């Protein structure tokens, strides 16, 4: 038993579900619809967990002929066999309305893999009272995913308020010196609030997967 | 009640221990020894938890006249009132021997704030069997802190093996195209292993604090 | 009348005081002590306003033999003929104690050129209540100079609170992804709070001079 | 009273007009026309000042069905309830004709929020006599907004001529080593003329808002 | 005899085949179809080896009216007079399915110039067992071309396993901090596995040509 | 007499021809066709020298209704009243065929402003004998403009061969690590051949204008 | 059998000699002399091949008390049990005298691991006849290591002349736009000469190890 | 006749004087004093022109035992057999006093190789009248070398005033966003004044050598 299936165009890691609690997730860019469909079918056949395709545009999604999938347009996500919502609560906070597509990916992925989600939108620090008014949502979360572009200051503000893990997602919102999200990325990495962690620019997916790792350790019998 | 003490040269956040489970940690660079001593004394007086000063060189540490502190030389860390080791287990893995000072900071901070730590050194991917031989240590951890410079590939390898949270710490080990740690940082952020999170270059401290946030959510009564 | 004096090694702009309300300020790096002394003497002889030398180390300052100067060590500033404190009030806020040397330059320059100054230290967003407690100082200011390194989020928080001009000074405080102040610089330029302006990294001098321009327009008879 | 309205997709900061003298300004990119319309309607209902939408393309503007708005095409700006022109005079100077769209945004925003504006176009330093001929416009201004791409040298030249605040706006005009405006940005930040301040690349909006902060402090009763 | 033919728009290096064992290869971007055709015809007339055009899109390829050419669509390669497969064996390994177009160029060029090729797809380190299962292919290769984007960690893993030359090709697969392939490039250059060499981003062509140089030295009579 | 004409949208520098020997040259991007036409008409009316518009696409050129102009398509140049060819000889050498559009601009501009031009194409260092065969053209030139992308090594090779001024023009030819011409730019600036000078990426125009300055000093009566 | 020895501070990869033909090489920076000595002793005990320590300064080398080592000062290399010179011939060419320390490392490592070496110094392209005079040395090599800083053009020139593998080593020689070797690195990666490969900046070691991989494939029985 | 002398550590290009009108110039960094002395002696023996060593610190210069040399301390230049001042006039203009060391190198090299030099110091654009007062010096020059750090705006101002060649030398004067001279370099490359050329950061030497090429073409019989 090798732990993978060789489809020629892909080596599907069929061992990942037992190893990490979730099947491999398919990254769509650069793959043909037929290739995506083949991988999805294999993952559905070999495992029992949720099967996801990320960064898939609507027209590509329409060509992936595997029954039972649901497409989330803003999140650009395809899901088969979503998990039921579990006990781990993730709060997803955005700095501005323009950050929503990235947050939508975080939310849709998190929901699909069995996390309970709550969204707090548009609480950027330019009007800090909006964030302070969301203390309830923040305090009841097991982890907070902060989604912010431009200077990304929301991550520091949230990091200073809550005790739980904070996963910062820089977005490419903004222009000029925002450098396509690099500025928010660097700012989040150098936050004056201790213990924040950061994922790649615009990676709502990465943040949700990081939360899944947290949920697994919380759920581990002790 | 303001939640801080104004020492003139610093506003000590005396509210942080109740808010986040740990007193404020003092970052030494740019502060006078007397200022550090004053802040430490205030934190000791106003709270009950461990008090830490990070990035403090030996000669500066020697000038900080607050009784009861312990200095960790490789970690450049001063600690008062360290916490007892708790149930949360952190495994700290380094790619090479040269990454040890950063890992030492992660280890010393983690221990001081009450995490149980285990270290696996020198398991870089150039000899992948060394990492595979450490599966035991990795599998019993609640979180893994991966400390690696140069190309930082260890983070991806570990991320693909374990189910628990992985906190990647890029180090400035290396030369030329290593760009003082920026290459490892970028590489870790774009890891093909899903759900990794990353902290600042050489920030063993940041990784330990991120682990502390995890430990708190694990310890939360449910 | 040419409007300058040619000292051979420098063309002293003797017209600047009438043109801009302040004599030329001398930037010390790369100049010999005797050259600095010569320029200072010329400026004192040709005008009536305060004469300043910036970024001058203590040992160099000691060699500049022009009577009547005062040296500000932390600010690395030499001043002759300081102006009396005027009606324009500048509040200088720092994110952390480590930002103090840059703020000290802003404060000392501002005071020397006739602005009234007030300092609020260590109000970084990791403990946002410390900033909110400084509303009084912020509200009575005619302009706020925000001095912050790392991710520089304090500028956005202040920018969202006050109505007056905010001049953001990024500092080189921090390490790794802080990139010697470039991260704070980029973050401040892309702040979600509208109407902030930014000066060069570590340029407390630049911020004070920008405030002086504000003071002049406020003082203009209408 | 929370100081904001939660529209689901946005938390409208209804407190900003009283806090900062102007309602929140809507940044269009990444928002749906219906969302923009909803926010505008809320701002109109909750305040009395001018309501602006920036960076809105003509086709999007046409879909925003809130009566009473005026669209400025070159400035890509939508305005409701523009303020009457006040006493504060802003001179907007451009280095070249190609910088006009950014200057147009600065001019249109400034006018909409109640500043008096005057434009001086095409006075780049390659023909310095063109700038010297504009001394009249420069001297009667309360603040000068300098809009320049390529090497941005106009900001230094103006900064050396006038005593009032100079707000430099780098533009993305140019190619190659102009690096999409980064070169002008860096050049303006390191100007040899003291006391200049800088906003984000292509941000005519930011410059106008900075001028509004100036106007408020000038108008403050003393 | 000059060793080149001057076609006006190009100086065709007709000496290269005798000097380096292969005719000049034509880089299509920026050339007119007629120019490409002219150069190809000249190369076919003056030499006996394979003639290649790289980075040529399908529509351009269709306009190049030189008989006998074969177009490889994914590789964007045109070939005349391909060489017979020789004794030198190149294994081309990809980290993910999205890296295939670059690997396809490496494979098609290598085959056209007389190398024996074998492809191992989708063996990224996130599932390291997939790579370990390919030891057979790796061990029988004379050289391995590793094609990987994102963090490029596959190069280090392969470099630690095999004794033969490893040519690393970073790809622009990924987003955000992947920086269009720069991250993979830097990571491969700083690999902890010794003796790796690296070619330009997305340059499957460059890797195949490097392998050709190896094959020539292996084939050299001793 | 002000030395310029204010057209509202532009201040045409009518003094430049007497000051620098050539009328102002119009940079098309960001200008309306009618604006360009207006400036051209003014320049034709106020001076006697050649009038040029650079970087103008064919469709824009077609809309500029000023009689007597000639359009150079590859060079994207419009010319009125071209100068007669003078005694100063410029040799324009390209590394590859793909660099031709930039060289074409250099050639067309140089010809239009009265320089004698000679072109040597496709003499990149990968086949150094092609360059050595062009010694005749190089030796009879008064200045050499080297146009090269990728690593730009041709500039160093030419710089080591000739005694006359060498103006290096980096081009954006290439991909990946070529960084849109930045690599060639940096390489040319750090050439081991002494006394090379460099202009902006893709600026055939800048190189021709630099040659014009040379021609003027050569022509100066002594 | 695990294939490594755990010394506590290091996991020595004792399997590498059988896997890759050479024992692990020790990178000195960041390691204590006693740690280096311990690793060296272990490698000597467990294998039979040459044992090397790289980047070791003279004072550190003096503290490493393992008998039988030889120190190469310019190369900063310590060697035990050097291999006899084999049949594979490496030519090491430098652009300038200032590149010698990096070339010295390449030469010393190559010699220690059993390659025959020949050095050609100071053949930069500013005097191309110096390189052409070295055709003999170049032509009899099995591989050429090109060591060059500044613009690194020598790599392209050599790559165009020889048929064998060319390993380019950028050096940090130069200043300003040389960017500590980054410019040479980028230039070498984008060489117009096909099939060059590149290693890290200043990595004479990496180039020698790459040559060793070549030598192994050449020596493989067929 | 090979055109060079092989000293072992260097291949001295003895052909350069006849090829380019000046012997090879020795770049000191990375060379031993004895090596420098050997090269100098060879150049003196094989040619008749001036022999120069650049970037040589005083202590190194003192060890170079070749009679007849003169050391210029600020310029860090050693000269043997300086040329007599010729007819070609170079004006060297600096923006500030801190740029003097780079200008001093330009001046000393230019003088040593036979150019007539004139220096205009401290004419930065912050006081533009100082530059306008230097019109005489500028107008009688055959070429102007502009030496400026920070934002380098002086190059554009001079470029707009004079008709002759302008060679811009960016310096590393400044801090923060000046990025060690990169900002001035980029700014000079994107100057709005047409026909400027640029050399490497801090390369007074490069500018003087470029002027020498100009002088040679001017002196060419016609």
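Every chain is named by a letter (A, B, C, D, E, F, G and H) in the order it is written, and numbering of its residues begins at 1.
Assume a contact is a pair of C-beta atoms (placed from the backbone, for glycine too) under 8 Å apart; a residue touches a chain by one contact, two chains touch by 3 or more.
Keep in mind the model is a prediction, meaning the values are calculated, not measured.
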Shared interface partners, meaning chains that touch chain E and chain H
F, G
Overlap of the chain B and chain G neighbour lists contains E
Among the chains here, which has the CA centroid at the largest distance from chain B's centroid?
F
Mind checking the centre-to-centre distance between chain A and chain F? Centres are C-alpha means, answer in whole Å.
50
What is the distance in Å between the mean C-alpha positions of chain B and chain E?
43
How far is the middle of chain C from the middle of chain E, if each middle is the mean of its Cα atoms, in Å?
56
In chain C, what residues contact two or more other chains?
96, 126-127, 161, 176-178, 182, 185, 189-190, 194, 200-201
Between which chains does touch occur?
A-B, A-C, A-D, A-E, B-C, B-E, B-G, C-D, C-H, D-F, D-H, E-F, E-G, F-G, F-H, G-H
Within the complex, which stretch of chain G touches chain F?
95-96, 124-128, 150-153, 156-157, 159-161, 174, 176-179, 182-184, 186-194
Note: in the complex, chain A contacts chain E through residues 2-4, 8-11, 13, 15-16, 24, 27, 29-31, 35, 170, 172, 180-182, 185, 200-203
Please name which positions on chain D make contact with chain F in the complex.
96-101, 121-123, 126-127, 129-130, 133, 173, 175-178
Interfacial residue positions of chain F with respect to chain H in the complex
19-21, 25, 87, 142-143, 161-167, 185, 189-190, 194-201, 205-206, 209-214, 216-218, 220, 222
